[in-house]
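Consider the two complexes below, in which chain A is the common component and chain B and chain C are the respective partners.
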Partner chain A sequence: MVKNLTLAGMPRMARTRASYIFGVGLFAALAVFGSLPFFQPPAFVESFLYLIFFWIALATSWTILSGFSGYVSFGHGTFYGIGIYSVARLSEHMPLTAAILLAGILSAVVAIVIGAIVFRIQHLRGELFALLTLASTFILSTIVLNTPIDGGPGVSLLVSVPSLFGSQMSTLYLMGMSVALLSVAVAYSVQYSSLGRGLFAVADDESVAEAQGIPTFAYKLAAFAISAFLAGVAGGIHALFISYVTVGETFSITVPLYVLLMSVLGGTRHWAGPCIGATLIASATYLFVSGDYALVTKIAIGATLVVATLVMPGGIMGVVSRFRRINVDQTTAVAGEGKPISQPPGVGPAGASPESVLLKCEGISLAFSGLRALSQVSFEVRENEILGLVGPNGSGKSTLINVISGFYRPDEGHVFLEGRDVAYIGGHRVARAGIARTYQIPRPFARLSVRENVELAAMFGAAASNPQRAADEADYWLAFVGLADRADALPSEINLHQRKFLELARALATQPRLIMLDEVLAGLTPPEVSKAIDMVRRIRDTGTSIIFVEHNMRAVMELSDRLIVINQGKKIADGPPRQVMNQDDVVSAYLGVPHVAA
Partner chain B sequence: MNANLLAQSALSGLFSGGLYALLGLGLSLSWRFLRIINLSHFAMIFLAAYLTYQCTAIWKINPYLVPLFLIPLFFVVAALQQLAIIRFGIDEFGSIVATFGVTIVVEALLQLIWSADFLRLETDHLKGSMVLGSLLVPWADAFMFMCAVTTCVGAWGLLRFTYIGKALRANVENPAIASIFGVQSRRLSLLVAGSAGGLAAFGGVFIALLFALTPSQMYSWFGVIFATVIMGGLGSPLGVLVAGLLVGVSESFAMALVAPSWAPIVPFTLMVSLLTLRPGRI
Partner chain C sequence: MNSFIMKVVRSVSAITLTLSVAFVIAPSGAVAQQNSDTIKIGGTLSLTGPLAPTAAMHKIAGEVYVKQLNEGDGLHGRKVEWILLDDQSKPELARTLYERLITKDKVDFISSPYSANIALAVMPVAERYGKALITSTFSMPKLSRYARHFTAWSVGPTPEVSIPTLVLDTLAGAGKIPKTMAIVTGKTPAADFIAAGAREVAKQRGVDVNLYLEYEFGTRDFGPIAARVRQADPDLLFVGALGLEGNMLLEALEKLNYAPRNHFYLYPSPGPLAASKLGANALATALFEDLPPMNQSKAASDFISAYRSAAAQANLPYQEADTQPAAMYSTLQTLTAAVRETKSLDDSKIADWLKVNSVETLIGKLRFDGPGNFGADLTKIKQVQNGKWVVVAPKGFATPGATVIAK
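Up next, the complex of A and B:
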């Protein structure tokens, strides 16, 4: 497993400084490249730089959806093509800037329509998304070819580009530069905003992301729209550059393939990745392929792609950030320790009376194609209570947790959280309403550091907060579970016991009213179990109610205030632990029916 | 539009559908069982087509003999490529880029050796057509179709009934557990990759037989073959066959009934509706 980019790739204290540096860098680039036409360079310099900017814009826009969220699109040509033909057809009827803007908007609208359909598909696999987007390009190109939008012969742009600094090329160059810098700025701000963090989480584990309160559908749609808008604008400007557009050229394999290559070469999980990739590949193509040694150069480019993928699978930025991570580890290894554990604002024992009902499940039933996993399950969880939930394997415990957390919709029944029915509102809203969960087998976001995993939960959970506060809360909860000194590690670098505690920290960071612990003790050694039991008590002391699913009966009896037992999808017992465990049907569910005749 | 013309276009649709299946099968297998999206499959197909041209047209080797040595040769080449992929631990994402790099190199080499001009293989074998009632059936297409169907059904049988097939299916479900039961993951993956290479060679022979060749033409197959592979369900030879025929016939009808230029929209609309309406099936 390759160590990939972590979100920020740097400690968070440096974050504000980094965005300041980025801002300065962006303005410096604007000043340097923007003033170039003033010196009236030869036309080929401007057209060469224009092409690089064009590819930076396209590759960066592609990366915002596909690189960050992992939903690879083969359909970037669609949005580029919409941009091309919008400007080709509309520029005669309106000012150029309006036409270019409209090109972007049209692309975004089409992306939203496509996204609204395909992202609704439950558990859409990444490769299906890729192929659906590929199909969209073919469909669009056929429509354009067969309707008056093009009709076959291609479209010549009659509109003339105004001359700045005495040359049209300069104007195009400045336009290309603007859209490239805009794309990079957008990619940068997306990467470090909650949108970007949500997308990175989607790339690692979408259903966990949803359970942490990330509105995955809306985020994918937003990223798709942003990506398409930028591609549309870049396409629109490119229509002016080439001034004669054809279906064959516009919708060829070049755009969707090159953006992917550039992004993967540079690094798909960093805003700078596609920039670097686009600059390298576009320069190589421009400088060499047009020359005498075109074929030899082509072979060299192909070979470079192969070798680059072999030796640096995370792209160039992957290599860069790996070096950075090593340095960070060395400089901040001690910094995390000795930090005082202070209560993050908003956390404290709840004032509610211990007898009032927090969660009430009523008649929950769920069947999977005929198999009844849950039937008519009803129970309550009171404020500040630890409710044990036990039952044999396959009895429906995990299914019940999946229903309460909104991952499954029940066929019938209701889940009331303080009187509000949350059974049908979708996973991320359930999380935000204040229900958190852990997974039996820990499912951390593999490419985010331990701290970033917890930060994400703090950012999107019940007490959704801004990135800066989320970072503070993450530190608090990491210290709470004792993982402060492993905060910069990747989940693959910590052991199972620590990963289980990471699950806890993540659930706690959402500041839930109710936390569902799905077999947190499974696979732990006896001393670790004792530590974990302690931890559960401390969690309750923060005022959180707990549903505690466990096979370890010692822990269950020790911790539970009340116990419910599920067997074959039905609740068979509910009451004080000792009393419940002596009930005949509970005994027989666990140990089998005694064969001794009564 | 009369019935005869419709039948003729259905027939030609079936033929191109068979070719889609034959070309897509290797792609589908390596995608499913190796998690590799092997774009170089197309390069391999065209390399095989050019070699067929060279052997048959220039060196005058009997075209029926060509697959006999091309298939083993491509088996080895593809297995070597897979060995490199395993060695460097390339994921699905990376495989697209790496194999595209290979594709670019091969395309350039083809152009370097055989030039970008169209080449047409002229041979006395499989020339002309037979007449079946009112239908005209070209020998070459019919032979290709027969081979495509046989290959797909054969591949299905191998996966379904042999231990190798079962091991493959187990391996893709859960490699760790499969290896405990003695499944040799690495050897299997070389076998799958090699077979996909052999299939590329076989497909390439027919490309040479049926089409005029130019290196850049390989990219024009990407869309329709990927649509076929996806619709067929990854790793399912019969699925690929059915999907290929469906795509071929629907395309052919669109050409006959509406206009040839509308043809590409049909397979993709089919694919999109299938994916959106019944995503679970795929």
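Up next, the complex of A and C:
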């Protein structure tokens, strides 16, 4: 029997149990570490553990944005620094707790401002995003250095930290522990929430994530704000710990590099990764401090980290996850394609009249740098209709799909879905309105399993399901396309035919009113084509309208109720398939104009 | 309880606790050889990280002192053991390590870390345990708020006034009272307030400050600053420079075919500035130089020969026994003098004694009777003459035969 896995790669029934156990574990950690000061250990034990907690908080907070979404930030020092200087400057004027909270809030606000600008620019990913965030650190350090916030001489904290259990160190230790456990709890919650799932999708393919209905901009912004808030709070507490802060040390490159290293070692795609990485690296760094062999020790630690990173590119949690996946594969029985499937709620033949218009495109035009890709394209798609969309290579078919799916905004024109103009509302809203698509070259989320890919689509698509229902729907659609037995595989472990069907399952899981199939048959063998044609019919039987973009004319003629032809960005024919294909201008578009020698 | 999450939680907890225990029981270099009869002095230095080049001098100076001490009768007839840990140039780690030294290694005394930033992070720990902290390079009296903090960096309670005053007096002694002065300073805690003080001193003495520029720590391109200096063409260029910043500014000025008439650098790297032809006649602060009269005492000559030998053995690029190692050496001289005089290992008695007594050290006679326990101002002014440093002021410390060259 198929083991029912969720996006976390964990048996679904175990998911709830795991959450419960995590809660118990967190409470236990709180009880164990929180009670430590009561026993009045030597202060250096608290001090040492404080440093571990400090790095756990920073590394975990970094991972919530950079690890989960793939937006690697070198600017974590910005938010840590805001926290440091907020507390350094505000703690004399308000209660310490308020100053620390305010430090976190200020950091989050700055993150939102930065994010609101950079996340709108599509190409600001990878090294560009990293450099931009690094630049934000330089800008902030310049401001702090050249204003009364610091001005150059550094800031000495005059505020007295209250003594819990008779010791200021105990107070700082408890503060550090609290922010570390809070960070871990937040990272855990984010990872298993729709936010975390959306961020993982963003990391793998942001455009596809948007087309699946994930509000990528809002999610990135939320992750950035959460990450910055936690870093700000950690920085605020750390200001009290070091008691004298300077621009040079606060905004040095050390903080972003350390958190990056810690997260990479532990694993950037799991809440526990930075926790493990921070514990190991901070401990290694702080344990071996003998004055006799200082340099040799540091070189040895550095070399060990290099080797560990090379051997475990996915970090420690990456190895653990791979091990778990192998175990699951070995214990999972194969379920066949013929497995009876139950229909998920909301799926069924449409009751709408085939004559009513579902989608209406009016005068769509789009140009790229002066090159007109689409010119005044207008057409309709009716309820429960399969509309064939054909044209020579480069005619504008995929561009039209990109416009309808919200990836491109047209220069002019409208796309009405049941009377509502969706041309300018953004990709994820289009998906949620009920338009799904597949890609010519399959673009699954590479680091999510087949099941997780479909589950994600179910969760964010038109139906916007809760996790449990999304899992049920994923099961249904995987069985529908015959991939139930490959549910736990990674996309790289299935063949092209299966990846095409995964695209279908993912699109269907959003429960769209309209699905656009972009050359879904390309590269398939004749038997696979026949199977796919049958599947397209079955999709229509669920009540879904289809725009079918294809070069395989056999399939087009067999499937299409109606056909439109695009050439050089213009619609040149619209009507019954056989009639359209016999039109002179269509023949010319495909075969060229005959020239008869005189 | 077989769940993956629980395994992870258990693993992390186990790792954390194991490492904590390891930290508790880990030997710390010399501690492995410790002997209950020894008097233990514990401290950190920045043996790795950005502060390591200078801290390496402090390490050698400290080792030389402890060796010499043990070759004598130690302290109270007991051998002295110096437990030295690497704070990696990180204030937060230094703080934790001092807690460890005091509460786990149970050192009798603590020694100085290198750099004021780290000393400030350590101060609350010293205060909590009542340990006397005698720092080597702490130059900011206003930030010295711990009653048992003393420093061998004896620049007096108001270095922002006394250092620029001494520079101007030195030039005035040669009959060249500057009419104009350009102040260029790095925005670092140690230099920033001195530069600000120099502006006030100049104003009071009727010197026109025709340029006041600040640059960020880490600046490498001094071209724009050099252009402004050239334009101002001051009688005195006063640079709040640390390390190699002075050399970089001079090189930028040379590209503009400009050489300052008189130029002063606060805390430069002494070797490179003296070695550069551009450094001719450069003035700088000093506390100790291997020059008469400072190198004439037996203690000084013993220190110098031992330090030079050890520095050569350690392949230090700069092996002169001057201000930095002497400051570290003087902290230990101060501590042991107080221990001997009080016949006690009690930090409170030692601190009380230091506040009302003076101690003869390499740097001079240290006093701690002023604000922030800053007492005597033992700052000297040295100048590059013929590719070598000579002390030119004050008179009592000037190298015999040397007089300041001023234009």
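The criterion applied here is as follows: the second predicted complex is superposed on the first by the 578 of 598 C-alpha atoms of A that agree within 3 Å, B and C clash if a C-alpha of one lies under 4 Å from a C-alpha of the other, contacts with A are read in each partner's own complex, and residues count from 1 in each chain.
Definition applied: a residue touches a chain if its C-beta (ideal position, glycine included) is under 8 Å from a C-beta of that chain, and two chains touch if they have at least 3 such contacts.
What you see is a predicted model, and the numbers here were worked out from it, not measured in a lab.
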Fit or clash between chain C and chain B when superposed on chain A: clash
Touched partner set for A:L295, first chain B, second chain C, both or neither: both
Which of chain B and chain C A:I143 touches, first, second, both or neither: first
Which of chain B and chain C A:P42 touches, first, second, both or neither: second
Touched partner set for A:L280, first chain B, second chain C, both or neither: second
Contacts of A:I547 with chain B and chain C, given as first, second, both or neither: neither
Touching partner for A:V159 - first (chain B), second (chain C), both, neither: neither
Which of chain B and chain C A:L387 touches, first, second, both or neither: neither
More chain A residues in contact [chain B versus chain C]: C
Partner chain(s) touched by A:L456 [first = chain B, second = chain C, both, neither]: neither
Contacts on chain A seen with chain B and repeated with chain C across the two complexes: 142, 145-146, 152, 295, 298
Chain A contact footprint on chain C (complex, rising order): 1, 3-6, 8-9, 11-13, 15-16, 19-20, 22-24, 26-30, 44-45, 47-48, 59, 83-88, 91-93, 95-97, 99-100, 102-104, 117, 120-121, 123-125, 128, 140, 143, 145, 187-189, 192-193, 214, 216-218
Touching residues (chain side chain B, partner chain A) in the complex: 31, 37, 84, 88-94, 96-98, 100-105, 107-109, 111-112, 219, 222-223, 226-227, 230, 259, 261-265, 268-269, 271-272, 275-276, 279, 282
Chain A to chain B touching residues, read off their complex: 2, 72, 117-118, 121-124, 127-128, 131-132, 134-136, 138-139, 141-143, 145-146, 152, 252-253, 257, 260-261, 264-265, 268, 295-296, 298-299, 301-306, 308-311, 313
Chain A residues within the chain C interface of the complex: 10, 14, 17-18, 21-22, 25, 28-29, 32, 42-45, 47-52, 54, 142, 145-146, 151-154, 156, 167-169, 238, 241-244, 246-249, 272, 275-276, 279-280, 283, 285-295, 297-298, 317, 320, 324
